[in-house]
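These are the structures, in structure tokens.
In the two assemblies presented below, chain A is common to both, partnered first by chain B and then by chain C.
Coming up: the complex of A and B.
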């Protein structure tokens, strides 16, 4: 079995670190990572808890394939009750931290309580201790990683930490590892900050030696890697152009939310696209993109490493930003760019670097700035209130607001509350482009009807990674569907959501599913874990996880009324593009979705559904 | 008639150098030109002609011959891509 079968329970109030056995009965039902950590969370906390109270818990979780030879098997998730949304939060990160945690011998860390003083958790194989973090508090993620490696005299120490945004309880604060990989969404970094926990630093030398059937496992992962290498998307498209290749595609379709969703096409999209990142700049003759980069064990390598233009106003006399660094990925480029009407690639990269450096979700940050700019243009917010002029398209405003939010300065503290609270504060709640308090990512729910339903029903608020209908509606994976059509979308979405929940619980990256079907993934999990991990069992596990999350959210106060979209998407048609004249037809899809899920008309899992799934 | 041909990602290399920074080229085509005839005339590698949009609307491989272009249409083509 590829689990280490050990949990590290850390009580910050008491200052204790205790090893306990993994509940293997639960592992057989929830696999690992997202699913298993969610099972622990919902079993251990009151759903009504204040997310930033000591009674909330923060769970770091690997999957059974994390740290193995499986391609992309380096993922970990952070699960908690999210402060941005008030529902379950589960944020998934790559890089090298997850595999290191597994190498140290831990499937999971459950973090409880609140430390009276700032601390960090240091793990070296079976040894775990809480150490003072006074000198680290107030430091960025980048400084924290360097200081901890220096302090422990270990250049291979892997660090997962918060920056000043998490310390300042920015409600979309991220937890960042390996400088620029992040458990990015829903504010998991604010929960860490509320607990006075600055970082988790881990060094593991044990490897993953307990794969159930090593011979079958190697055969399965080798076959899987061949599929990824030979697939045009995972073998060529993603390594060469990264996710940013979507910038022009989505814009061409008229599915790119622009200026706080007022428009669906951005005239500046080409200038901030993957293609632009490959071009030599007039200023220094260098391309923005330096290289691609892979996370642990990944044979796709979609990550972008770029170099900012040293002559750009944003980094004038700031050499710390001049080196090669992470970004831009598509979602960040969209949120910092299209959502604000900013077409300055270097400005987007600067704002993105600040998000990495101080631990903020660039999607929620960028989308919240979009709301600020609309309120500014409407005259609801003034220059005096914001501290600067903030019209749509202002790269200077974007960069300055990123600094202010990351550092907790002035109006940045209001942006740090997210779009929903900000728009409500200024009397225009309808202008918040959010679902369940979380900001939309880079696809318009009017132009892509299936994505509209995915946003409305996502268990962590507006999100593209809970059921990526773009895959079908744009790329044709696994089957091409008309993005303007509603028929068949509820059934397809349910299948996407359940399969994604299973993949997110395995330790693998969901990007593999552009090439792999569940038939490629299942043999890898089966060989690693032993027991019954048939295709049917795996998909039912995904469905069980989805319903477990739903149950928690209902207990936390969510109702069917929250499974909706902002009025702009329901009432204001797309102005241009292939879906011109269309609104999100949620009402045509939601009742069927509930029915297919085995939920009542008001969105509650029925007794039969609970019994069938063993909930 | 004139249309706009847009080639993206690795297909950009098939555009004249001056058009690569916009990924777009104004193109004079026959009045009865179809999506397929334009693709053929540019000798684009078939394996790279994956996602084909006319004015943002998807054109399936089996419809490319029958789909006639109109003046002012934007024909945009990508190789196999994905992301998120």
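Coming up: the complex of A and C.
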């Protein structure tokens, strides 16, 4: 069956940890991880709840394929109501923690209430207890992992924790596991911080042994691994260059938002690209990139392990940063680099290390710094207000602002509110490059029309991972479409969104879909889970999840007016590149999208749609 | 031909497919905590190293066992634990210089790599060739080939 059929319910207010059976009827409708955790969340909380109030809940969820031999089958998601966005938050992480939680015998942890004092949750198989985290509070993620292993004398302990950003309620704080894998977006770390929960530390030795049809499962898994190995993207591009393989490609076509989306091409992109990470530095003769790294079970291994230049100003006399460590992936490199006009690879890596160390989403942090730099150049923000000079392109400002934000110092506390609140505070709300309060990732919605629609309609605010239209508009996977064209995009996006929701609920990584179609994924889920997991059933599950999330967001106060893009994307054309002169033509796509979704012209799922999906 | 496991840490990505394959082969479960091969992460050096029994010719574990529960598999050269005989005294875990034979609380016996009877699941599962199963007399052949390729290459530029 692949599920452990057990949920750990942790009430922080009462200090209790209770085991309860998984609702298998819901598992049959929502699969696991993203879908199933969302079903629990929307069933248990008031959609209007303040995300940082004790009444919000935080759910850690694995998928049925988490902890199995399926390639990439190590994912977990954290689902809650997001403080950055005020809508559903669902952040997905790799590393080893998710599989360990499953091996301990838990599909999910539902965390409720607020602890009177800082605590952490220690799980050793069926034994779970809340322990005081007094000494851990105020510590970084890295210190927390080391201290917990020491305290429990368990070098194999896996830890998922918040750093100081989460404690300080930075609205884009992440939850980080295995030093540099993160449930990164929408501020899930701030919710954890608001609950006085520092960490979840797990050791699981029970394993996963109940796949429905082991023989069929191993055959499907072996076939899937072969497809990944033989595909150019997953077999060569990603292991060699990581997601940073995108930096030059996206920039050259003029789809790389630059300097808070003023431009769509960054003249410094080459210097912060995957190719640059492979080149020997003039200073020490070493390459920035040390090696690649896999998450649990992953046969792609896109992760980067980098070594910062010890002579760089950012790490002068800071030997704790000198060793090999989690390196830049594309979204982080873009947000810390292009979005701010900073082309200093080592500075980006320093800011990236701080994001990992203290648990911040580098996308939202970097993009918010982009807004700060624009406000500074416009004279709205002064050197005195910020505490330093912050023109576009300043590596020194980027590094210092990362320290201040992570540690809650000075102007860093304002950056920690995200760009929507920051721009509103200084009277220029239109300069916030966000949707539903969440900052854009590394693709321009004017240059890639389908991505524009994907951002506007994403259930967690601006996000590339709810429907990665880049796949079609840039790489031609599964079909090549013209990025400047709007026709056909609503239909394609709906298919992407539904399929992605299913993949995100399985325990697998969405990066497999560069090579895998649902035809490769379906047999693995079917063999693991039993029951009816036909292609049709899986896609309908994805659609059900999408509508469940939408219903929650509507109940939380979202309307069709929130399914939009900042005025800059709608009115200021791309200055250069293949889409020069174009703006995001959202109005040409949105009505058709609503219609294809079975929603009213106001973006509300109709009674027929709800009935069809069993909502 | 007798073969042995050959490990090239430089190719290891840390995916743990080997640990899952080992546990699945031996216990029918995906359970790295029951794997006889372990991957170690030397994080700040950027190195990952899979490590397991090398099947010593003069096996310390075998010689230390008071009840003769560890036997040589003549076909593969593996030193194999006979679970029915093992009394769980753990003397072998003290004798082994490399730590690659370990006690299992679940079974009350020790466990170690037995080369899966000549078709090691870890090597089959490894996606990068970091773990291979090669001619025991020529485990260095691939490395020799790589260096041979470089030797005198300058003369042909």
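The criterion applied here is as follows: the second predicted complex is superposed on the first by the 615 of 615 C-alpha atoms of A that agree within 3 Å, B and C clash if a C-alpha of one lies under 4 Å from a C-alpha of the other, contacts with A are read in each partner's own complex, and residues count from 1 in each chain.
Quick note on the criterion: a contact is a pair of C-beta atoms (placed from the backbone, for glycine too) under 8 Å apart; a residue touches a chain by one contact, two chains touch by 3 or more.
These numbers come from a predicted model, not from an experiment.
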- Item | Partner chain(s) touched by A:295 [first = chain B, second = chain C, both, neither] | second
- Query: After lining up the shared chain so the two structures overlap, which partner does A:279 touch, if you call chain B first and chain C second: first, second, both or neither?
  - Reply: first
- Could you tell me if A:214 is touching chain B, chain C, both of them or neither one (first, second, both, neither)? second
- Query: Does chain B (first) or chain C (second) touch A:331, or do both, or does neither?
  - Reply: first
- Task: Would you sort A:202 into first (chain B), second (chain C), both or neither based on which partner it touches?
- Result: neither
- Query: In the superposed arrangement, which partner chain does A:246 touch: chain B (first), chain C (second), both, or neither?
  - Reply: first
- Message: Please report the chain A residues shared by its interface with chain B and its interface with chain C.
- Response: none
- Note on the structure: Counting only contacts in the complex, chain A reaches chain B at residues 231-233, 236-238, 240-246, 248-249, 252-254, 270, 274-275, 279, 302, 330-331, 464-465, 468, 470-471, 474-477, 480, 482-483, 510-511, 514, 577-578
- Touching residues (chain side chain B, partner chain A) in the complex: 6, 8-10, 12, 20-23, 47, 50-51, 53, 55-58, 60, 74, 76, 78-84
- Within the complex, which stretch of chain C touches chain A? 13-17, 20-21, 23-24, 27-34, 43-48, 125, 127-128
- Item | chain A residues within the chain C interface of the complex | 67-69, 71, 96, 99, 103, 156, 179, 204-209, 214, 218, 225, 229, 239, 290-299, 301, 305, 307, 323-325
